[in-house]
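Scroll down for the structure; my scribbles are underneath it.
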């Protein structure tokens, strides 16, 4: 049997010996006269839906698909409507995505093998057009990208949306720089002793280091390093390390230690200025075992300065445990201003950046996304299915 | 033993014992998305001016549930849960031009309609609203009526994402 | 940091600026003197385990990994020991495997895209060396292989282990012939109106057809058709079709109709001789709603002639429903000789071919394999985890 | 909603509420297999004549359980459930030569040992016995002590299958 079709609107069928047209036809009738009584349903065409315009309630949910990680995915949901809008197939070891400032494109660092799990390895930043959430181009990068438990900092983007940085580990640490506008790999920058990407402007970024500092990099227009520096040590990694999961507001990154201290680091011109640490917990709360923990357990609302932190009661080494509460802080006053009881335990949280913000939470082992009103704490939506092992949500 | 393992195994065992086989399958049945060899006959051309969109006024039910009447012979992820609808592929996916069909009774008018379960292709499994119902389903050597085949053919590639349920018209012999 | 290593037995480390050797060293000590009291544990090497010799209790479990089907897998278990022995990563749309008669190799028809879910498509029969369950070669075939809900008949092998046949659908039906000994694609044979592969000898096979027949093919040594014929119709596909899931004993294939009739078809010299059908169910049982159903719901023990069928009580259209019982028949007398109550519902079954056979069952949505004594019906092992969406087990 | 979805969601919610967070994570915690930058020091050479195999006489417990003492800082599928053992990669997989380490107390002799969690590579996720414990685990910028990194480096490819737990020797500072 062979066939051709025209613009998805019809089909010219030519049957081989094995297919009997009569058998097919008795099954189908395109009725031209209405039957008795009500008008029958009309014949329909089928088509491909178009994505609605981006709204502040768009949330991308990373799904490494842990038990089928060659088949990584990213889900786009409308958190307010509680709907899945679309999906991206993103290949092996999907960690984090970079969303263009105008949300016209999404950049995904990913790994491919020519034969699924063997053959030639290709690492690339794949450029997805947001309109169809489909890959339209790729920029091949050195096959060195770091992978593991997904974290936001495995990649980063310059504030102007031109450079995407991809963390490498071979185990030597470095990062690749891609110009996603020119769709060109610019180069690889060594970052020994430091890991992950924390963008701090249009041509600057920082990386967290095992000696309790951040290393800062300033780049030129072709991605070469023009300045590199180490901050003063601002935490003791052997006593109370900061986790890799941080939040940014303006040009300040907020890091969080295992024991619940906030370490703000302000960046200016690419240079790091660690600020005094402050505690998320009172002594009493700390005595009661309250801790931070999870995956991307913190999020910040840029405009209103609220910090949202998933907390739990636990012991030492519980820094990856999920929590049933989000504690809300005012970054200006450092005061705890609210407590949100979650419907389901969570390891990661994102907050939409509009004036009626929503909290989006997930935990790794459940294919469920929960949406809360960030102001009232009320459960707004539960979106079931989709991401099999959601790692963390990202908002544009 | 993995994390799904413990969860899934135990609860599913309970469910398996507590519910009828049929009910079980209706809720948890598995199988690969759509398909088989059947043309989308010239139906579409008939109404190029104002094509009907699902769901239509003369029907009821939730197209994002397995119980929706059009799904009587579907096997796959419901596109309505994936960013599409009963007759729309999700953004960026490509509808397969041909597929398998079922004959389903619309409870509103009591009439039997031929439903075309065109697959949407180009992205891997949507993962939501997996639905397997087998009314009139036939083996793959009768592809036009078999819901076990992957029908991402005639598309850029054969990567299956979800399945639609498009009204083709009234069934003749009912 | 850079490093080299020799034969996995040690490591020479050279540190970059960021890594502090002292910090590493204080963590590790290779004690040369025993501590007080008992001898401490010895330092261990690590190595790669070798697969034990094949036993009759080896069972391969196909896992399409439905929610991550780009990442298909096949698990090898020892059903008697209740252990996973190893795994094969098998790429996109893993359907069924072909096991060499001497179990030295496993052949897997599979699809790859150069970029996971897009890019260039390559279909191939991948040759896995059983010793390491690793791919050692591939034979590229036309990118036409049929895929869908996994079934045994999507591929087949000649009795002498030289030819592997792969079912195609574009939607035109055909099959590809691969010489897995010469590791060569031999050609494609058109099979319009018929589907799936049922091998019937060294150079012959059959395919099930929509007109209630089987089409038979006899091939020469280079895979060209030397004889092609259609059997007499032996079932009415519009009244009571046979399912695609069949079992073979000697050169007879046993097909099973939706309504529970067995249609044996004997093959001799590649020619089909349909035998009288017989019923699995008495009239009373049929009235009580007993039916066959599931995926690969039937299996035969070659030596003792027992037929194992998963049954359930259901209505029309329940031909894919799982069952909680296996009914056992003697193929010689057509008598039901035993009923096995399952611990968990099942859609597929395989029976090991030794004198103390084991039944291996699974259902699609649970990552669990159950093993029963085929003679006593006793539950022997429950193997949890591993295949996420096990489709059916295969025995060598 | 898919078939895991309904099963997993409901039972896990119950579990989440019924058990402590810590217990929950110990049983269901997720994270990608092993790793980080730490050498397998010359340990192996010391005993080329008769290398010790796990488990050794001076220990107790089941290497295929998350609770096994060596697993105090592991994160991944236990190779002992995948056709390997605590110090053997499953057939056909390739051990990563370097990895991350933990310090775990052997309950039999009360001594602390340095455990090397070498990943086994070349096949995708084993899927069995996922285990995440974080005693002494540190962030990925301290790779030698971080269990969140994929350490399939120095191998033919970086496809992660499972993680071992190899005794390197007594820990000094305990």
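To keep things simple, chains are lettered A, B, C and D as they appear, and every chain counts its residues starting from 1.
Quick note on the criterion: a contact is a pair of C-beta atoms (placed from the backbone, for glycine too) under 8 Å apart; a residue touches a chain by one contact, two chains touch by 3 or more.
Just so we're clear, the structure is a prediction, and the values are computed from it rather than from any experiment.
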*With respect to inter-chain C-beta contacts, which pair, C-D or B-C, contains the greater number?*
C-D
*Average the CA atoms of each chain to get its centre, and name the chain whose centre is farthest from that of chain C.*
A
*asked:* Averaging over Cα atoms per chain, report the distance between chain B and chain D in Å.
replied: 42
*Using mean C-alpha positions as chain centres, tell me how far chain C is from chain D in Å, no decimals.*
30
*Would you kindly tell me how far, in whole Å, the mean C-alpha position of chain C lies from that of chain B?*
26
*If you average the CA atoms of chain A and of chain C, how many Å lie between those two points?*
37
_Residue list for chain D, restricted to those that touch at least two other chains_ = 1-8, 12, 28-30, 37, 81, 98, 122-125, 127-129, 159
*Touching two or more other chains, which residues of chain C qualify?*
1, 3, 19, 23, 67-71, 89, 92, 116-118, 171, 193-194, 209-210, 365, 367, 384-385, 388
*asked:* Give the list of chain A residues in touch with chain C in this complex.
replied: 1-3, 16-20, 23, 65, 67-72, 89-92, 110, 112, 114-119, 122, 126, 135, 138, 171-173, 190-194, 209-211, 388
*Along chain D, where are the residues that touch chain C in the complex?*
2-4, 7, 37-48, 51-54, 56, 58-59, 81-85, 87-95, 97-98, 101, 103, 106, 109, 111, 113-114, 116, 118, 120, 122-129, 144-145, 154, 159, 161, 164, 166-173
*Would you mind writing out the residues of chain B in touch with chain C in their complex?*
1-2, 4-6, 8-9, 12-13, 16, 21-22, 24-25, 28-32, 35-37, 75, 98, 122-125, 127, 132-143, 148-151, 153, 156-160
_So in the complex, the part of chain C that touches chain D is made up of which residues?_
1, 3, 5, 8-11, 13, 19, 23-24, 26-31, 35, 37-51, 67, 71, 73, 76, 83-89, 131-134, 365, 367, 384-388
_Taking the touch rule as given, give the residues of chain C at its contact with chain B in the complex, in rising order._
64, 66-70, 92-93, 111, 113, 116-118, 121, 146-151, 169-171, 193-196, 207-210, 237, 241-244, 312-315, 317-324, 344-345, 364-368, 384-385, 388-389
